[in-house]
Each structure stands twice: as structure tokens, then as C-alpha cells.
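After this come two complexes, each holding chain A, first together with chain B and then together with chain C.
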Partner chain A sequence: MSKLTIGVFSSLVGSLSLDFAVKLSEAAIKKGHAVDFWVSGNATMLSKKGQRAFKDYSALQKPVQELLATGKFQITACEACAEARGYHKEDTLEGCKRHSMDWYLASCFSADRVLHIGGD
Partner chain B sequence: MKLGVLVSDFRNMDDTLSRLKADKLGVILVSNGVYHAAAKEGGKKSSVLEKSPHLYVLSEDLQSRGFSEAEIDTRVKSITYSDLVDLIFTEYEKIIWI
Partner chain C sequence: MATKKLAFIVKSLPYKTEASRLALTHAIASQTVEIYLEDGDMVEPVLAFMGDGVLNCLKNQKAMNHYGVTTLEGHMKNSLLLDLKVMICKEDVEKFGLSEDALIMDAEDIGGETKAIIAPFNEIMKEMDSSDHLLFF
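Our next item is the complex of A and B:
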């Protein structure tokens, strides 16, 4: 089993890059790999609970919960980015973590592959 | 170094791609980057297709934009997310997103 670390910066829920990153995570886990997923900037909203799914609109809370249930997927949000957006600890989706960027750096150093998706 | 480049946008990327040096350069077209594989501007194919002999397009993103695999350039190989995972772990040592 190898580990892929994905960092997503800035993208809002509903963005193409965030959809891509979640689907890539699903495919990696199906093939037996582990995935660390870091969300920063606006992408922190992916780890917020209470997301409502609309028809014809990308909804990622359920896929994220299914990924967490595999035990091979970790998602951590940038704590400062979340707080700056008025998203507090009690709003965090169950199973998601919040941390400083040290978590992302440590994950990158221990990963077999890193995909850093920059802001848009 | 074997470098895989995920191209996610449909714009001129000549400068960026030309500056990347690798023993093996793979160009993987995803999101709006899939237009490089199928669309023409002024009758010309995208210059991105000249940057590497190792060209891939994510089939799901291609189909969601109304293209069939019959419409892509013959140099481009259509891949699934599962294929992409294999490329990341077995074909390329570094992966970047542009």
C-alpha cells in the first residue's frame, strides 16, 4: 500500500478541482492505497458539517463520509483558514480534523506521491 | 526524473510546459484541460499536444463536456480514474497540477 497526499487550496465546494480530488481519492483507495487530504483556503468548507445536497450541484459530504469509513482516508482542514471564514471547531464534519499546516508538511514528507492543487 | 503534469485548464500553456524538464514528461488532461484533446481553435489543434508523446485524457471529464472518445486526437490515450492512480504510482515520480 502506498500513500497519496493531496493538498487542495482555495477551491470552493462545487469547484472542478475539489470534485476531481475526491474522485481521485476514491479511485486510489479502491486500489488499496491510503490518502491524506489537506484542505486549505476556501476548500476548508469541504470539512464543514451540514452541507446540503442540491440536484445538479456537486455535493461532496456523502462521498467524504464514505471515504472516511474506509479507514484509509484522512481529511484535515487548515485551522486558521477555517476560523478566518467563521467556521469553528464545533462545525466540523465528524471524522475530519483541523490542524496547522505542519500536518500537511508532515504528510507530504511521509507520502509516496504528493499532488498539490493550487488556488484558482 | 519522470514527471506527470495534470493540465486542468484550456488556455495557452506553451511557456509553462516548455520550461519543464524531465526524462519523461507525461501530460494528463483533466477538468477543462480535456479541451486540448478534442477542440480546435481557428482550425488548429492545441499546441499542448506537441509537448510530449505521452498524452492522456480523463474519459469522465471528456464525456461530461459532450465529447466522445472518437473525437480526441489519435495521439491521446483515454484513461479512467483507476488508470490515473496507476500512472501516479507507477509511471511518474512527481506529479504537478497546472
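Our next item is the complex of A and C:
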């Protein structure tokens, strides 16, 4: 089993990069790998609770919760990026963590592969 | 004990998006990563500005005056103050008609000793080849 670290910076709505990253995580976990998922910048909104699923917009809360339930997936949001967007600790989706940017670098340190998906 | 080299490759324009700022802040975060690592383990960051990204290195940025936010110049100087390796692609500097005088090459005004390097693309490639992971911003 290997560990994949995925860092994503794209917005939840307005880009399909997060959708791709979540799908990739599902595939990796199905193959028996573990995934660390770092959301920074606009991507922090993926870890915010209360997302409402519309057919016209990306809705990833459910797949993220399913991934968390596997025990092989952890998602961590950049705390400063979240706070700057008015999204506070109490707004965080259950099972998601919040840390400073050094968490991501530490995850990269121990990862077998890093996939970094920039924003915008 | 191990050291992993992470290359932060910045190719985004300054201020148009958050990307280059996040590259700098993530690279600077390497200074506190030890709290998550075993004793003796380290992350070695390298910052390389390429393509449009070299425009992040221009001197005399006025973002605080215009947008009320810290400048990328300040973050670059902090990177140099912390002795991070900062490379600026020579070919792209020339492409924009820039000279070294126009670029942030040191952080002497805040006590830094490390200088940025204007390096040919092939030297940046060597740095990328010797990195464990590449992070493109």
C-alpha cells in the first residue's frame, strides 16, 4: 500500500478540478492506497458543511463523507485560507481537519507520490 | 533521518490569482514542518519562478497601497531571510526585457544574507530533477 498526497487549490464550484481529485482518491483507495487530501485557497470550501446538492453544480460532500468512512482518506483544510473566507472551525464538515500549511509539507514528506492541483 | 526536497514552481502572474502567494506561504511553512516530522527529518524547499511567474519578483510592489494586502515582495524577502533557495528563470527575465536591477535579489534591508539566483532554465530543470516532489503554482 502506498500513500498519495493530493493538494488542491481550485474552487468547489466553478472548476471540476476538485471533482477530478475526489474521483482519483476513490480510485486510489479502491486499489488499496491511502490518500491525504489537502485543500487550500478556494478549495477549502470542499470541507465546509452544509453544502446543498444542485444538479447544476459540483456537490462533493457525500463522496467525501464516503471516502472518510473508508478510514484510508483524510482531508485537511488550510486554516488561514478558511478563516479568511469566513469559514470557521464550527463550520467544518465532520471528519475534516484544519491545520496550517506545514501539515501539507509534512504529508508530502511521507508520501510516495504527490499530486498538486493548482487553482483557477 | 531524511531530507525531502520540494520544488515550488511559480508560473502564475502576481495578484491576478492567489496562486503565487500560496506558493510563497507554503514554501515558508517549511520552517515549521518539523513539528509533524520525526527528529532529524527535514523538508528542503526550493522556489523557482518561471514564465509569467518571474513578474512576482519585481521590486517596489505597492499591493498594500492599492489592495490593502501584503506584497509578494515581502514574502520573497522573508523567503530569502529564511535562507530558502530562490531561483528566477534567466530566459524568462530576458523575455520580459527585465534586468537584475528590477528584481528582488536580496533581503539585506531586513537582515537577510541569502541572495536570489537568476538561473538558466537548464539549471532550474536540474533542481527539479533532484527534487522529491514538484508543486506547480
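Operating definition for what follows: the second predicted complex is superposed on the first by the 115 of 120 C-alpha atoms of A that agree within 3 Å, B and C clash if a C-alpha of one lies under 4 Å from a C-alpha of the other, contacts with A are read in each partner's own complex, and residues count from 1 in each chain.
As a convention for this text, contacts are C-beta pairs under 8 Å (C-beta built on N, C-alpha and C of every residue); 3 or more make two chains touch, one makes a residue touch a chain.
Note that this is a predicted model, so its numbers are computed, not measured.
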Could you tell me whether chain B and chain C fit or clash when both sit on chain A in the superposition?
fit
Classify the contacts of A:C96 with the two partner chains as first (chain B alone), second (chain C alone), both, or neither.
neither
A:L18 contacts which: chain B (first), chain C (second), both, neither?
neither
With the two complexes superposed on chain A, say which partner A:V35 touches: chain B (first), chain C (second), both, or neither.
neither
Using the superposed model, measure off the angle between the directions from the CA centre of chain A to chain B and to chain C, in steps of 10°.
70
Which partner chains sit in contact with A:S2 here, chain B, chain C, both or neither? Use first/second/both/neither.
first
Considering only touches as defined above, state whether A:A43 meets chain B (first), chain C (second), both or neither.
neither
Return first, second, both or neither, reflecting whether A:H116 touches chain B, chain C, both chains, or no partner chain.
both
Is A:A27 touching anything from chain B or chain C once the two structures are fitted on A? First, second, both or neither.
first
Partner chain in contact with A:L60 - chain B first, chain C second, else both or neither
neither
Looking at the overlay, does A:Y104 come into contact with chain B only (first), chain C only (second), both, or neither?
second
Minimum CA distance, chain B versus chain C, superposed model, integer angstrom?
7
Which residues of chain A are in contact with chain B in one complex and with chain C in the other?
114, 116, 118
Touch list for chain A against partner chain C, complex:
7, 9, 40-42, 81, 100-106, 108-109, 111, 114, 116, 118-120
Show me the residue ranges of chain A that touch chain B in the complex, using the header's touch definition.
2, 4, 16-17, 20, 23-24, 26-28, 30-31, 33, 112-118
Could you pull out which chain B residues touch chain A in their complex?
6, 8, 30-32, 60-61, 80-82, 84-86, 88-89, 95-97
Which residues, counting only chain C, touch chain A once they are in their complex?
2, 4, 6, 12, 17-19, 22, 25-26, 29-33, 35-37, 41, 43, 45, 132-137
